[in-house]
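Notes follow once the structure below has been shown.
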Amino acid sequence: MSSLVLPLGIARRSPTFAAGAAIVGVLLLTAFLADVISPYGPTHTFPYEVLKPPGGKFLLGTDGNGMDVLSRVLHGTRYAFGISVPAGLIMVLIGVPLGVIAGYKGGVVDEALLRVLDVLRAFPSIILALAVVAATGASLVNVVLVIGFLDSPIFARVVRAEVLALRDATFVRAAIAVGNPPWRVMLVHIFPNAILGATAQLPVRMAWAVRISATLAFIGVGIQAPAPEWGAMIRQGAEYVISGEWWVATFPGLALIGLVLGFNLLGDGLTDILDPRRKATGK
Amino acid sequence: MSLLSVEDLHVHFVSRGLDNRLRVARALNGVSFEVEEGEVLGLVGETGAGKSLTALALLGLLQPPARVTRGRIRFEDRELAPLASGARDHVRGTRVTMIPQSPQTSLDPLTRIGEQLVRMQREHRRVSKADAWRRAGEMLAEVRIPAPEQRMHAWPHELSGGMAQRVLIAMALVNQPRLVIADEPTTGLDVTVQAEVLDTLRELVRAHRMSAILITHDLGIVAHYCDRIAVMFAGVIAEQGPTRAVFREQRHPYTRALIASTPKRIAERGFGEVGGTPPDLYALPEGCLYRDRCARAADICVQPPPNVPFPGKHAALCHFATEP
Amino acid sequence: MILDVKQLVKRFGNVHAVNGVDFHVAAGEAVGLVGESGSGKSTLGMLVTRLLPATSGSIRFDGRDITSLPEAEMRGLRAKLQIVFQDPWGALNPRMTIGRALEEPLKLHTDLGARARGSRVRDLAQRVHLPVASLERFPNELSGGQLQRVSIARALATEPKLIVLDEPTSSLDLSVRAGILKLLEEIRRESGVAILFISHDLDTVELVTDRLLVLYLGNVVEQGATRSIFSAPAHPYTQTLLSANLPPDPDAKLARHPLIGETPSPIDLPPGCAFASRCPAAIPSCRLARPPSTPLGEAHSAACIRIAEGANVLIS
């Protein structure tokens, strides 16, 4: 019983976090169990049941190739997480050290980061992503890498902001006064305290990753049909909206909205939880 | 009839912990004191003793999760608690006012000083803009701000710490209240400025025949600016009485420890028993709330201590108050 | 001499925080830096511990010139030159246990193994009268007084020769301050460490220090034995400062020297004595040049040209 109490406490502290965690959690579970819970294979075609409306054998209908929309939407979670999680990892692995060094040491690293951010602000990242993926080819790996790299300066900026605030903190001064060399100040004192605020940003950036990959697919540059990626599915379904077969694009669209919403709520909720409690517990 | 009479005030903070259980912090545990007309009462105590909370309760500014669970506050012969919020607001702006801490954050940074003083009047009284403006200028002169006419147009950030504090005093006194509560009015001010600000405050309080409650942790301020002193600990008044009497002879072990811990006393008599951890308001002991830190604690202290009276409106909340 | 500071200047842009300060601290001595806001006392603390670079002047620590010593070499010296900050809550990494915080200086400056460090840390906790259980706790679980003890223990870990204490009791409640002061006295007795005690509280400084420097707008206006300064303050500012002090005794007679106006801004200070604009004893010559330090007897001196004529004594 007591193991339920803590999660309930957190839920009370931030319903936003709870809601976000629930959505993401369910979708993550779906990604793992997609094979088990899908009625059909995601690319299994039913050539005589093309564009069937939702109901009966196909709960969410079939698409233009006769593939079951439900099974494809469920399998789409694998692409969504398969892209956002590794991309998130890249963001963290590059962005955090970059942000810490830029914020603490300033100098060349900081200037470089700020210039890169300026460039990113001038070009919508979607255009850059488009250019790179178009040039290097639309494989899953490439998409992950591009998104991860493209978002890491933004993640680094969040970390940098935290670090800038921490730099003048008394305990950081104290750490220097005690005799810590700069690398130790950054690793032991700055990093663990800067990471809290940045952690709350991560789900938000992952939501962004899901959106970008869907957008790339939709444009025709990212993952393409018949892979059950939601963006690709929406692309295909867009053709049929005018002729009335609304379900082909709508359901993957809803799934996309759902996951992005879930990640954003998770991130917001994390900010709630981590911020006031930061004063309550140092853990 | 005393101007202000607080009787057995209890304030609790109720919240839910992470484990979903109710947690109650007993912040005020039976605060009782009176303030007569024309009197300056010094309210001292460590952080968490309940000084500022008492002020908020008097002003009717307590918000959930804080709740008054018991007790009465009588001001000018009227019970304050049952008042509707409109009436309470009126009392707060015109009869009982507060001089808050930290002038930098208490003044509206986007409004000129004169305007803020005018606002303070017109929110609580029917007065024309012209009259309010004139009175504002008079008030600034009364608090000894040089060139008051020019200062009326000044922005808060243009003022030094001492000036800003004087403006806050002006704001609190402009509606001629009967009671002023000054919450640590000189924190952050230099020693040389502090003395002058306090002098001005005292002068005005006397001139307008007001009463004042001066919340401070500085015993020097109490010694020289307060007629009476009330020492708070864990939400009760451990000892209260005329300033001279209490400084000369303390009847409560906590007061004794406080006086003994001033550097001047240490220089004279050396270090005695020192310190102690602040009480946990979520887990206060039975009986006397001071007993976990008291050098004198004995078995009887699990019983709530009596408030032992002494001549001259002096009282101490201790089983051993009469012993030296 | 553990610390010898000569003509130390610190400017932030055109703000003159420290304006040519000379002082020294002998081994085992307790020297006080006293002043109000803008006096430069905290800045001096940062300069002396090389947490801020000096604009000009020299700082010698234990015989070595550390004014522009490269940080890599300074780091080793820090074992012997420590600082305790005013804010007990902010001075410790909120994500490090007390034990780890106390262990850090030992890790950085000694070759002790983990077990030896652990035992030293327990000794340190005992020395500052902290229960050993607190070593497992995080800073947010301790009170202000306990946290200050931790900061002091951390400063002691590498057996320093000088500890700078920047307003160590100002953020603490009255009843807790005495405990910290008592601890400091014990430590001085046991280890003979010198301390530089920065404070605006005159009563505390009178109790704790042997010698005292009175600062005003980045200048030393008076220095000498604490007793001499309190019994016979020579500089008009010192007299004013002492007169404004409120002793916790209702029967004490107060004789305040009023000041004219408020402290001027440290930006673009006018020439001459920094105190001239507010000094009741000022004459036109006071604004011409910085007053030199006038010796007044045993190691007591004050920077005021009115002393020679005996016109420095203020009458209330």
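Each chain carries a letter (A, B and C) given by its place in the written order, and its residues are counted from 1.
FYI, a residue touches a chain if its C-beta (ideal position, glycine included) is under 8 Å from a C-beta of that chain, and two chains touch if they have at least 3 such contacts.
What you see is a predicted model; the values in this text were computed from it and never measured.
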{"item": "Per Cα centroids, the chain farthest from chain B", "value": "A"}
{"item": "Interface ranked first by C-beta contact pairs", "value": "B-C"}
{"item": "Whole-Å gap between the CA centroids of chain A and chain B", "value": "52"}
{"item": "Chain B and chain C: spacing of chain centres that average the CA atoms, whole Å", "value": "32"}
{"item": "For chain B, residues that touch 2 or more chains besides their own", "value": "none"}
{"item": "Chain C-touching residues of chain B, taken from the complex the two chains share", "value": "46-47, 160-163, 190-196, 217-224, 243-244, 247, 257-267, 271, 274-278"}
{"item": "Residue numbers on chain C that touch chain A, as the complex places them", "value": "49, 51, 72, 75-76, 78-79, 82-83, 85, 87, 90-96, 104-105, 108-109, 138-141, 151, 154"}
{"item": "Contact set on chain A toward chain C in their complex", "value": "169-171, 173-181, 184, 188-189, 192-193, 278-283"}
{"item": "Residue numbers on chain C that touch chain B, as the complex places them", "value": "36-37, 143-146, 173-179, 181-182, 185, 200-204, 206-208, 240-241, 244-252, 254, 256, 258-259, 262-263"}
